[in-house]
Every structure is written in structure tokens, then in C-alpha cells.
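Let me give you the structure first, and then I'll get to my questions.
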Amino acid sequence: MSQPDHITALDLNYPSRDELSPDFKKYFDVCDEKLGMVPNVLTAYSQNAAQLEVFSKFYNELMFGESNLTPLEREMIAVAVSSQNHCFYCIVAHGAAVRDYSGDPALGELIAINYRAANLSLRHRAMLDFAVKMTVSPDSIEEADRQALRDADFSDQDIWDIANVAGFYNMTNRIASAVDMQPNPEYHAKAR
Amino acid sequence: MSQPDHITALDLNYPSRDELSPDFKKYFDVCDEKLGMVPNVLTAYSQNAAQLEVFSKFYNELMFGESNLTPLEREMIAVAVSSQNHCFYCIVAHGAAVRDYSGDPALGELIAINYRAANLSLRHRAMLDFAVKMTVSPDSIEEADRQALRDADFSDQDIWDIANVAGFYNMTNRIASAVDMQPNPEYHAKAR
Amino acid sequence: MSQPDHITALDLNYPSRDELSPDFKKYFDVCDEKLGMVPNVLTAYSQNAAQLEVFSKFYNELMFGESNLTPLEREMIAVAVSSQNHCFYCIVAHGAAVRDYSGDPALGELIAINYRAANLSLRHRAMLDFAVKMTVSPDSIEEADRQALRDADFSDQDIWDIANVAGFYNMTNRIASAVDMQPNPEYHAKAR
Amino acid sequence: MSQPDHITALDLNYPSRDELSPDFKKYFDVCDEKLGMVPNVLTAYSQNAAQLEVFSKFYNELMFGESNLTPLEREMIAVAVSSQNHCFYCIVAHGAAVRDYSGDPALGELIAINYRAANLSLRHRAMLDFAVKMTVSPDSIEEADRQALRDADFSDQDIWDIANVAGFYNMTNRIASAVDMQPNPEYHAKAR
Amino acid sequence: MSQPDHITALDLNYPSRDELSPDFKKYFDVCDEKLGMVPNVLTAYSQNAAQLEVFSKFYNELMFGESNLTPLEREMIAVAVSSQNHCFYCIVAHGAAVRDYSGDPALGELIAINYRAANLSLRHRAMLDFAVKMTVSPDSIEEADRQALRDADFSDQDIWDIANVAGFYNMTNRIASAVDMQPNPEYHAKAR
Amino acid sequence: MSQPDHITALDLNYPSRDELSPDFKKYFDVCDEKLGMVPNVLTAYSQNAAQLEVFSKFYNELMFGESNLTPLEREMIAVAVSSQNHCFYCIVAHGAAVRDYSGDPALGELIAINYRAANLSLRHRAMLDFAVKMTVSPDSIEEADRQALRDADFSDQDIWDIANVAGFYNMTNRIASAVDMQPNPEYHAKAR
């Protein structure tokens, strides 16, 4: 398999494992253990210790913090948003997560390519319609769009959470594309 | 002046000042003191204490942390990105910041409306061209776009920072529009 | 406040006040008296006396002639259209008019940024939906769009007037951007 | 040939020839004599005598007034702009004019469909590139675009005139589409 | 009338009539007889005998094979699709066919410019709405779009045929534009 | 793995293997043997024997006929075009082919997501730039685009072939999306 020759296209100084703060050394060790790798997005942020700290905490809270959205649902949002933005890093990394959480390789592909072609539940379709509208034409969102989520049994707190996850990947997609961030090659074959 | 009748269009429970953690009570008090208000984005996030914590730290690091980008430059990126996304909250709040930092009310308007019509320095033009391309067509960014920043004397670390600030407002623009977040009315007349 | 260094980016001969025809000398004097300035768009057209004549008459008829549309409504259309086209001159000049006529500075900002985020009456929402659709995708207008205006109690003559005002700013937005027309700095602080 | 069953889709009162002011009665008679018809755009505006007056004078000045742009060039701009906006009325009416002035039926079709596919002189290509950019993305026009016209030997006054003609059809295209204005059937077979 | 100076912008070897296979010599002779010309698209493909064979058979089956769609309906799809793609070759050639089959020159113009401005039957409007959505945003087609065709009395086999004809012109439009294919000048005046 | 419950969303009669003509029975048997399946696109076309014949011959000629473009290059074009059109069927089927021919799973993903993020040779980059421009804005292709291919050492016959393959997938993408064609599940895990 072709190996990317860089983490990002920028000439930045990524600290060695030993140069990391003890907390992050431990965090990266846990990544190695659980995922078999440190996701390149974390390596990229490690060039700035303060940013690594706030980015990883923000990411972890949105993706793994308290919420009625399941981990699979948050990953589905990540992939549907990333599909619109054609983000190589995020589709590869989070597409693997959708395949993994759902046990359905075709579902990961479907959302990565065109979530409208997937045979989704009304709940998931409403959720992704909102996330994708936020991505493509955020200024056209109106009360009717929020109501469509309520009609699909999402609470207002759930809507807030959907908005935050969809917003987050509109950030990371753009940062990843801006710096040509490369996904770890381990993702490609995962859960196929 | 017309007062917005809500913080967001969502029915969420915003804690009173006394219900906030001591740290955030203090933080909000400082906001009151320095800005004459607590920005509504913080009130909105306060409905989820864990998210308020990670969001505000991430925001503060990107906007006020170590970087070669001046505070005005970061606000210029915020406004140029928000202009593309037609985000009411962000243009009002950060447009005020541009007017304030620059002492030039017309500059705030120009970037809020069309940064290309502004008579910017080559450095600032290159910076905003990159931030706006990230906003509008992130998948079309190429090495030539990064090189244009280097040619305008930005370092690779500066490029990372520009990408992060531009990415951040692509997130907050979408969250604010998704929940119809209203800017504090105090912003409108500020630094005109 | 930063002063624009030009009326337009074109090297044109603008006549002095005394070189104007008596009628236009008087007209410009009235502008000075009532507005504290001659709007730069008139100065720009003054380089061609015949064009100044027909443009200013057309403009005055559409904006101040007989119509069921109030002056504020015509200015709201002007600003909503100009927002889509990101026209610096027109948003600054007509945003000031909306603030002025409505006595509501926030309303001027809202329409300048995203009229969909404003809490408009059904009448005004229908009016701006039509004006903005004319701006963004005129070839997709159908009978249903005209019917939506009738349903909001506009007569067919009102529809004609809305179409003409919305059409007019699609012209002036493009001319102003094409020649980099600068708004008079007096507009920025007006009615904030 | 199918006859349109309306001038516009609006229920408006168009005066009979005898109800027109003497000046416009004469003007419409001249149209009949020279063109074999009164263009429907004039009939449409005749429902409001004051608007008919200012519109027709503005139109005549831009299309037939003093300018270095030839009548054919002004019509080429009209058609290229209208092609982008898919305006039925304007392409039919002004396409006929291009065929007529140029004596080249294929040229009328080419500009109506895709001016980039036409084998135009550098002058005409530069002129239409500017007019079409004004149409599609007016906020992205920059000094380089104006310079491209100067490099094709247009003076700054010519640029002003190109901008005005291109702006004008961006208005009329939208008004015609907004009210479903129908071209006179006589245009279709003209100069084929 | 201006004559195009090339079949395509590519430097390709088009065989003389005698160098064609006997079948295609006969086919081209029949074209001459019936149409008064060999359509340039066939001359273009003749540079590769194998491609000419499969292309012409595919084309003839879709346009003249068994189907509930009438020849006029297939040509209407061709022109509506080509209008979206601004394809000079296809609008000229198939616009002539619509004029010819329908006996209505204005209808050919209407569909070539903006089918929404045409006063079409519900059946034809539904058919072209589907074909144009396939053209502009194929990834947004959903079951509701297919159902709209069934509601207009199209069978599922008809939907397949509409999809194939609309798909076909999305191919030929792009090939024609890619190589600057010129329509035979005979088309321009046909059936006006 | 989730199995699609249909070949297409249309209610069509697909003949059994024995009902096929002897030639196609053999062809489908060979598919089974070589690919382990009959691609669903062929099953879909089999509902109309005449169309199956001409489609499959056209497809085979373009993808496997004489050309300087390698089979991998033709598949790269297929996937890059399909990525722009977000076609589930075509990205799954032809993405598998790119992975297979190239022996590089990451390359298949890259082109399926964003070919600009791939580290392609100048030749392949030029080839895909042309194919994608044909896909997104065919009416903006000009001589300079063709020259860019010549500068990358493509002959005019190669340009014709690139145009044909890129055109072909713009057709099949749209037909597949129009009828919700489902890819055979075997593709998903292939060559990962």
C-alpha cells in the first residue's frame, strides 16, 4: 500500500514521543494500544502543545461526551459532512469508524459517497439532511429545518449536539484540506 | 434598538450566573466588566458545562494564544469567513472587533461585505484569499495556495494558524446559523 | 475613519459643480443640503451628462415614485439583493437608509447579512424571498413564486414594482463592483 | 408559430395606443413602422406611464447614445449576459439584433449559447469575459479584470459603458423572468 | 453565414467517404439524402471506425428505438439538458429537431433557453424537470422524483428511457464542448 | 454486509439467464467466471435487449478498445468523474477497479474522494483536471485546456479518448443515480 510521505504539507516540528508532556505521552501510548496508531491529526496538532490540548479535549467532548447521539450517529454526521467537502483525511478516518461501529462496510461507503442513496431510517435521514444543509448553505437554515429534526424525535438539546458535530467537521475538513493532512494508512483496510 | 427575544431558537436551559462553576462565574463576571456583556455564544454553550469548558478554551487559544498572527488579523479572518457564510452572529460580533482593533469603521464593513473591494496590504490579501478559498472550495486547495502564503512572508506555522482560525469560524458560523444564535445588541453601535 | 481615495477605479473626468448643467447643479446642491453629501454614484455618472440624466430619473422614479411599496420596503429590497451580490457601495448606502427609515439599526445589519435570520413579517419575508430568488436564480422563477406574493396580499402591480426594484439593484450592484465604486464615508456612522 | 397568450404573467392594464401620451403614441407608431411591432417590453412598461418614460430613455441612452461601443457590441453584451441568466425574452429579442447587425446568424446562436465557443476577436472576447464575470460573480471583480479590458485597448470610459450595458441586462433579464415577459413572435424568424 | 473552419478543434484524420466501411459509406449517403448533410458528430467519430460503429448504434437505439417516448419528447430532453450545459453543437442540432418535429419554432427556442418559461403540459414539464435535475444535481435525485414521473403517467420503463436519453446528452454535451465540435451550418435556418 | 434489496428502484422485468439471447447468456456466464458476478448495470440494461446490446458494446469499446490510455487511466477518469457526481454505483464499481489495477488501495480512495489531494504524475493530473472540468463546467473548456493535455504529452487522439471516457461516466453516473442502481456487494471488499 502506498505510504503518505508526510503528515501535512507544512514544514512543522512534530515532537518525538518523549518530548510530549506526560499526559500526552500517555494519551498517544493509549492510541497506539487501542487503535494501532496515533491518528495523524493528533500528531499534526502536537507541533503546538497548547493547541493539541484544547483541540483534543474539544474533539473528545463532542465525539465521546454525554449526548443522546450514539457514537455511530456522530460518526455518520462526520462522514456525511466530509463527503460534501471532499476531505480525504476525514472520510478515510471516520468512514472506517462508521464501518466499524455499524458492522456494515457498505453503509460506510454509502455515506461517504451519497447519503441520499442510502436506505436510512427517518431519524438518520433527518439528522444528515440537517448536517448537510449546515454544510452546503448554512445561511438558508430556518425554523422549518429545526422543526424537521423535532418531528423526527430529536430534542432541542439533540439539535444543539447535531449542530456542534456537523460544525466541528466543517472545521476539521477545511483544516485538513488546507494543510494536505494525510490519513494513517491503517484506516484503509479497516472493517471492510 | 430592536432586542433579540432569544439567545438561540432552541429551548435550552441556560444556568443563572450563580449556577455556573466558580471558574465560569468569574469568567462571565470578567466579560461583563471588560465587554459590558457576556457574549451570547458563551451563554448558549453554558447549557452544557462540559462543552462550555472545552469550547471556550479552544476559542481562547486560537484567538488569543501564541501566534505570529495579530489579534486584528485573526478577527479579519473571522469576518471574511463569516461574510461568505452570511452568519449574522459572527459578522456582528467580530465586525465590531475589527472596527475596534483597527480604529477603522469602514474596514470592518469592507471585510464584512467584500474583502476583495478593500485596499488591503499584499500580506492581508493573501491571508484572506486563503481563508476564503478554504471556506468556499476547500477541496480545491493545492500546494500553490500554500506557496502564495509563503510568498507573502508567512511561515508554515503561520499557515497552520491561518488554517485553524479560518476553520474555526467555518464551524461557529454553521453552529450559529443552525440554532439562530442572536448577537448581543451592544455590538451594533460599537466602534462606528 | 479611512477615506476612500477614489470615486471609482476608473480614470474618468468628473465635472466640477459649476460645470454641471443648471438642473444638476441644483440637484447636487439639494443633495448636499439634505444628505450632507452628493452620493458618489451620482458623481460617477456625472462624467457622462446624458447618462446622469436618465439614470437619476430612472432611480428616482423607482425609489420615490408612485407605488404601494413603502420607501422602507424598497430599501429593504435594495439591501437584500445587494447582500447576495456582496456589493460594498450599495450595502453601505442602502443599509444606512434601512437603519434610518426603520429606526432599527439591527434590522439594517440583519438584512445586509442574512434576511432569513431576521424575524420579518410574512409580507416582508415573501417580498424578500422573491427579490432574492430573482437575484440568485432568475430562470427558476415560476407562477408559484408570483402566487406566493399574491398570497401575501401583494397586487400584480406590486409584483411588477418589486421586480423592478430588485432588478434595478442587480444592475447597480454589478456596475458598482465592476468599477470599484466607493461609498461616501458619511454613510458608515449614520443611524447606528 | 405558437403565439404567446400574454405580454407578462401579471394582470396589468396596458393602455390602448390612443390612451398613450402623444409622445409615446408617436414612439410606438415609429416602432411599428421600423420594427413591424412594438417590443413587448415597452407594452409591459406602458402600464405605468412614469416608468415607461424613464425606462425607455435609460434604455435608449445606453443602447444608442454616444459611446465607442458599436451597436453590435452592445447587443453582443446583451446576449452574452442573457445567456447566463437564461432569459427567454432577452435572448430572443437581442439575439435577433446580433444576427441582424452582424449578418451572421451563427454568431447570434453562438453568443446565445456559449460565447466561449465562438471564435471572437481578442477585443470581443475580453469584453464578454468582463460582462459575464459581472453577471456570474460581480463580487470577484478586481483591478486585474479592468486591466484586461485596457490591455484589449478599451479606454476607462469604454469600461464604464461595458459595465453599464452588462449591468442593464442583468436588470432586464431578472424583470423579464420575474413577470414571465414574452417576446414578440416576430423575433424568432428574423435574420436567420 | 459564417462557416465553421473545423469539425472539432482536434487534429484528427477523418476518412474520405470512400475510405469508410461499405456500411458507413451507405449510412453517410443516406444522411446526405435525407438531411442534406452528414452531421458533424458522425464525421468526428469516423476518425475511429470502431467507436463510430458503437456510438452510432447506441445513439440510434436511444433516439429511434422502441420506447413510449415520442421522437419529439426525446429531442425535448436533448435540448433541455443541452441548455443547462450550454452546448453549442447539441442545442443547434437538436433545437432544429424540436422545431421540425413540433412545427413550433418558438418551442425550440424556449426549451433551448429556459424550459420553465415554456407553457408545457404537465407530462412534459415533469419529464424535463427530471431530466434537468439529473443534469444539474444527479446526487440529489430521490424516490420522490421518480414518483413525480409516475404521477404524470410515466411507467417505470418510461423512467428508464428518460434517464437514458437525459444521461446520453450529458455525455455528448461534454464531449462536444471538450473538443469544440461545430454544428453543420445547415441547422441554423432549419424550420424557423 | 448489508445486501441491496434491488438492482434499481424501478419495477422492471429482468430476464432470467435462460431468457437471454445466446450471446448474452455466454457474456453473463463469462462475467460470473471472471468477476464472480454479473455487474448490476448489465442486469439493469437486460430489461431491454436492444439497449443491452448497444450499451455493452459502447462500454466495452471505450474501456477496452484500442487507445493509448491504459485500462488504469480509463478507470481513474471513471472514478474522478464519479466523485464529482457523487455516484454510489460507479465509485464502488470503478473504485474497486482502480485499487485492483494499481495495486494501491489508497489511490482508489484518493481519487474517489479528491484527486487533487493525490500525489499524481503530471500526466495523470492533467488528464483528471480535464475530465473534471468537463464534468463540472463543460461550457468553460477552451483551447488552453486542450493545450494543457498536449503539453502533458497527450496526442489529439488521446484527448478525444479522454473526452469520450469522461463523457461516458457523466452519462452512467446520472443514469445510475436516476434509477438508484445498486452496486454488487462483492465490490466493497475487493482489492483493499
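Labels A, B, C, D, E and F are assigned to the chains in the order they are written; within every chain, residues are numbered from 1.
In this section, a residue touches a chain if its C-beta (ideal position, glycine included) is under 8 Å from a C-beta of that chain, and two chains touch if they have at least 3 such contacts.
This one's a predicted model, so the numbers in the text were calculated from it and none came from an experiment.
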item	value
Joint neighbours of chain F and chain D, given as chain labels	B, E
Intercentroid distance (Cα basis), chain F paired with chain B, Å	44
Interchain centroid distance [CA atoms averaged], chain C/chain D, Å	22
Whole-Å separation of chain centres (CA-atom averages), chain A against chain D	50
Where chain D touches two or more other chains at once, by residue number	86-87, 114, 117, 139, 141, 177, 180
Chain contact topology (line, ring, star, complete or other)	other
Touching pairs - complete list by chain label	A-B, A-C, A-E, A-F, B-C, B-D, B-F, C-D, C-E, D-E, D-F, E-F
List of chain C residues in touch with chain E within their complex	139-142
Touch list for chain A against partner chain F, complex	1-2, 4-5, 83, 86-88, 91-92, 104-107, 109-110, 112-114, 117, 119, 177, 180, 185, 188-189, 192
Touching residues (chain side chain E, partner chain F) in the complex	8-12, 47-48, 50-51, 53-55, 57-58, 61-62, 65-66, 85-87, 130, 134-135, 138-139, 141, 143, 146, 156-157, 159-160, 162-164, 166-168, 170-175, 177-180
Residues of chain A defined as touching chain E within the complex	114, 116-117
